[in-house]
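Chains here go by letter, A, B and C, matching the order in which they are written, and residues are numbered from 1 within each.
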Amino acid sequence: MTQSIQSLRFNKQIKDTRNSLIYHLAVALIAVVMLYPILWMFASSLKARDEIWTNVNSLVPEEVHLENYENGWQGFGGITFLTFYKNSFIYAGLGTLFQVSTSAFIAYGFSRVQFRGRGMWFSIMLLTLMLPTQVLIIPQYIIFSKLDWINTFYPLLIPRLGGEVFFIFMIVQFIRGIPIDLDEAAAIDGCSKVGIFFRIILPQLKPAIITAAIFSFYWTWDDFLAPLVYLTDPNLYTVSVALRAFSDPSGMTDWGAIFAMLSLSLVPVFIVFIVFQRYLTEGISTTGLKG
Amino acid sequence: MTEIVQSAAPSVDNLRRWSLVRRRSVKRQNNLVGYFFISPWLIIFLLFTLAPMVISLGLAFTNYDILSDDYEYVGTANFERMREDIRYERSVKATFKYVSWVVPLRLSFALAIAMLLNTKRRGVYFYRAAFYAPSIVGGSVAVAVMWRQIFGNAGIVNAFLEILGLDTYRWLGDPTRAIWTLIILAVWQFGSPMLIFLAGLKQIPSELYEVASIDGANGFQKFRYVTLPLLTPIIFFNLIMQSIHAFRQFTQAFIVSGGTGRPLDTTLLYSLYLYQRAFVNFKMGYAAAMAWVMLLVIALLTLISFWLSRYWVFYETKES
Amino acid sequence: MRRKFSVGLVFLLTVVMLGSAVPGFAQDNELRVTWWGSQARHDRTIEVIEMYEAETGIDISYEFAGFGDYWTRLNTQAAGDELACVIQQDYRYISEWQSRDLLMPLDQFVEEGVIDVSSIDQSVLDSGSVDDELYALSLGSNSQTIIIDVDAFEEAGVELPAADWTWADFEAIALQIHEETGIWAIGPTLPEIALWQSLYLGYGKNVYNEDGTGLGYDDDQPLIDYFSMIIRLQDEGAVPTQEEAAEFIDAGPEGTPIVTGRAAMDYRWSNQVIAVAEAAGEDRNFILWTLPRPVEGNSQNFIKPSMFFSITADCDNPEEAARFINFFVNDLEANEVLLAERGVPISTVVAEHLLPLLSPIDANTFEFLAMVAEDPAPLMPPDPPGAADLRDNVYTPLFVEPVLFKLISVEEGAQMLRDEAAFVLGENE
């Protein structure tokens, strides 16, 4: 009797280990395929200039050339990547802060407050997302240049105070997944809408807001069109704009330096991802959710 | 236990209907509160987005080019030109092919991987980072180089196909295959919908699964009756956003074909052609007309999706 | 409530559009300069700017970008009246920009001696002129060239061609190279639009007519013959097929077939040869050769100025701008830094001064241009407005690709090109 229970347990253990093994094998295999481009880029950043092209598919450089990083870091004519990183951190840091904080606020208005014109404004908001930015650049540029905002961070940051439609819509959908009973209970207790937002809704939105923050940081970090057009003084170039200024289709291009700086430019995004995703691990607390 | 209530759909129509029905009972204060909450968006929209949008609509009826200040009203000439423009037709075809493959593939990959990673197993942090990694390579010039290597005749994709015993192709030069390099690039970068799915899965209360287990539900049944219904708002969101995103895709198409749409315009996505017209050939009037045609098409498709969503999207919110 | 909103809207918009439009004050000793290029060019140009600042006390702010980004930014600035004083300009856009009154004529500064043109050839000045007014000054000269891998020719047992070789010679050599060595005779660049233009120069014609309202030739046969030859070579495997070509287009100098040893020749502009040679390494043996010409035709090689500096029409400080351009073009020390990176300097004095400082392949470029100068085709006038449109929307997608993918015959393609060119260029009437 006891023996058979033990063997059952043993079998279960074997089964668990086997499942775990299959899981890790499968997921790791996909991960390798997914990671290949990053590894390729990193390997290329360590290769000698001609080896990048002669030894293309190999992920192991014949000789490690760390000087690619040194050469790339020099930037252009005395303006090093230190400057570009500083600018990118200003843009991505403040941009993310502005965009994500206001998006949640706005989303609450669209999802939990009944007001006249709500449907109309929500539709208009979605419409703004459907117009290709290419036709908006010129009129927007003219407005900002009339404001004398060229070569400042204002044209990049101020519009972000209005949130980002993608995040607003996303958070609206998340809020709709939260039972309204809670709001109602709080309202009966005399809580205002603002109070409900900060005390009830905001804590439930943690996964959504973290997701938005990860995206926002990366999209801003990677954005090149707005900084290209509005920040024309090289001392204000962001990393993404500077990276693109390295190469010319007909000219000499130091690809080793490009790959080096590109690999380096992924580091902040990775760090933000790794730091933030930790908060994605726990599901939200459901205490008090049972209606 | 929270009831899963099928609410009225979230369509724009319904939003409006709710507000109509409730108008009499809603106090004036709610209007103020509502506008207070959306005011950041509203102010920025009125200041910086509305005027450019209206201007671009106006330009669609002119021959404005971005270099000169003067322009003439040309009526609907820009719209009529689209019907005769061979490249326009090619770009529409390429875009629809691209969107119709990218959206379903990207979403199913993202959901599958998100579920695979929604676990407390060891190493899951690492896997998440690995799966998100391709999505952060972005729009750098180096992506073009990398992509040419990967899809080149002797590249890793063909090598992989060979191992599997499948046919290899000249991915970059074959007009029937080239669009696939863009589709695969987009599917490969499924990090953003994956992360949103992951956040959605995190929001599902674990009690629901426990209850389902006690009721004897197996893995598939839990997915079918707990995960899927509760995730529909997020699936819906991803579907809408990924479709809009795919229709507007520009950077990757620009980088991979050097802005040309070759071969034979099979990778000439709509936004790419629009950009070329506006910024390379200075035909901003024509580009604006193209942009508004695109807006109308996407808006129509979105409206249909919102309307259809009432049949399959479930909200926790009890709205009555 | 609603009315209040619309009132508020109008008010806010007015604030944005008018309220804070502060005019910028340009001071006499300030100048803005902008250019495109890669890292090497940025570094050298900035160094020259700093030299000039130290010498004159002028305060120069500068902007740079890669080629594609450069035009996006410049066109946006043009729309917003925010252009820099001195802009790097491309040959193909000069008349486009001039026709919209965005450029300032330089003749006045030449007459006053601010820009010294005494050591610059008249043909170079002509190349930057529209309607007999100078709008852009070239920064270096170029010509189309066939780069020959001497070792590959040797291996195939093919003699180097004569300087006045014809397309018939070219085809025979191409076939022989492919037969003997198995590699391609030449990379995928034979269908390029610049070769269409220079092909007709070989018959003494320009592809655009004088008013820029249509094609400048009546006989499609040379074009048909040329593309038929390309198709024959593709069928033989002597040049990459259209499908194979995709891997190399835009691949940069490092990826071109001649560099990777997969082709014995390459067609380029001469200022790009340095990058190709550098990518190939020092042990390779490349020389620059003239373009083939039509049988019983003239030379197809013309000296084309590359990359110009222009002064924009709204520049507050045009004389200072002209002085800077003069420094850039004529100053010996400045050019020791620039080192012909934008092509062979247009000033013969500067070119001679640089000769001893050059690397062998640079020197070969200088020699090649001297060789072309002995028997040049006349320079084409700048492309008419709409030429970029024709190139992007007609020549490649509606003519070259359908013909080489064999969706239509060469004859049909030539007709298509003619019809569409009439439509696109017809707007100039």
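For this structure, a couple of remarks:
In the analysis below, a residue touches a chain if its C-beta (ideal position, glycine included) is under 8 Å from a C-beta of that chain, and two chains touch if they have at least 3 such contacts.
Just so you know, these numbers come straight off a predicted model, no measurement behind them.
Viewed as a contact network, the protein chains are fully connected, with every chain touching every other. Counting C-beta pairs in contact, the pair that comes out ahead of the other among A-C and A-B is A-B. Chain centres here are Cα averages; for chain B and chain C they lie 38 Å apart. Averaged C-alpha coordinates give centres for chain A and chain C that are 39 Å from one another.
Between the CA-based centres of chain A and chain B the separation comes to 16 Å, rounded to the whole angstrom. Contact with two or more other chains is made by residues 1, 16-17, 66, 72, 76, 79, 250, 252, 255 of chain C. In chain B, the positions touching at least two other chains are 31, 43, 48, 51, 66, 141, 145, 258, 279. Residue positions of chain A with contacts to 2 or more other chains are 116, 138, 143, 224, 244, 246-247, 249, 255. Chain B contributes residues 1-3, 10, 12-19, 22-23, 26, 30-31, 33-38, 40-45, 48-49, 51-53, 55-56, 59, 66, 113, 116-117, 120-121, 123, 125-142, 145-146, 149-150, 154-156, 159, 188, 192, 195-196, 198-200, 202-207, 230, 233-234, 236-237, 240-241, 244, 247-248, 250, 258, 270-271, 274-275, 278-279, 284, 287-288, 291-292, 294-295, 298-299, 302, 315-319 to its touches with chain A in the complex.
Those residues of chain C lying in contact with chain A across their complex are 1, 16-18, 20-22, 24, 34, 36-43, 45-47, 50, 61-67, 69, 72-73, 76-77, 79-82, 250, 252-255, 259-260, 269, 271-272, 274-275, 278-279, 281, 341. Chain C meets chain B in the complex at residues 1, 8-9, 12-13, 16-17, 66, 68, 71-72, 75-76, 78-79, 96-97, 100-102, 241-247, 249-252, 255, 388-389, 392-393, 396-398, 401-402, 405, 407. By the touch criterion stated above, chain A contacts chain B in their complex at residues 20, 23-24, 27-28, 30-31, 34-38, 40-41, 56-57, 102, 105-106, 108-110, 113-132, 134-136, 138-140, 143, 158-159, 161-163, 166, 168-170, 173-174, 176-181, 193-194, 197, 204, 207-208, 210-211, 214-215, 218, 222, 224, 240, 243-244, 246-247, 249, 255, 258-259, 262, 265-266, 269-270, 273-274, 277-278, 280-284, 286, 289-291. Residue ranges on chain A touching chain C, taken from their complex, read 50, 52-54, 76-78, 116, 137-138, 141-143, 145-148, 150, 224-225, 228-229, 232-234, 241, 244-255, 257.
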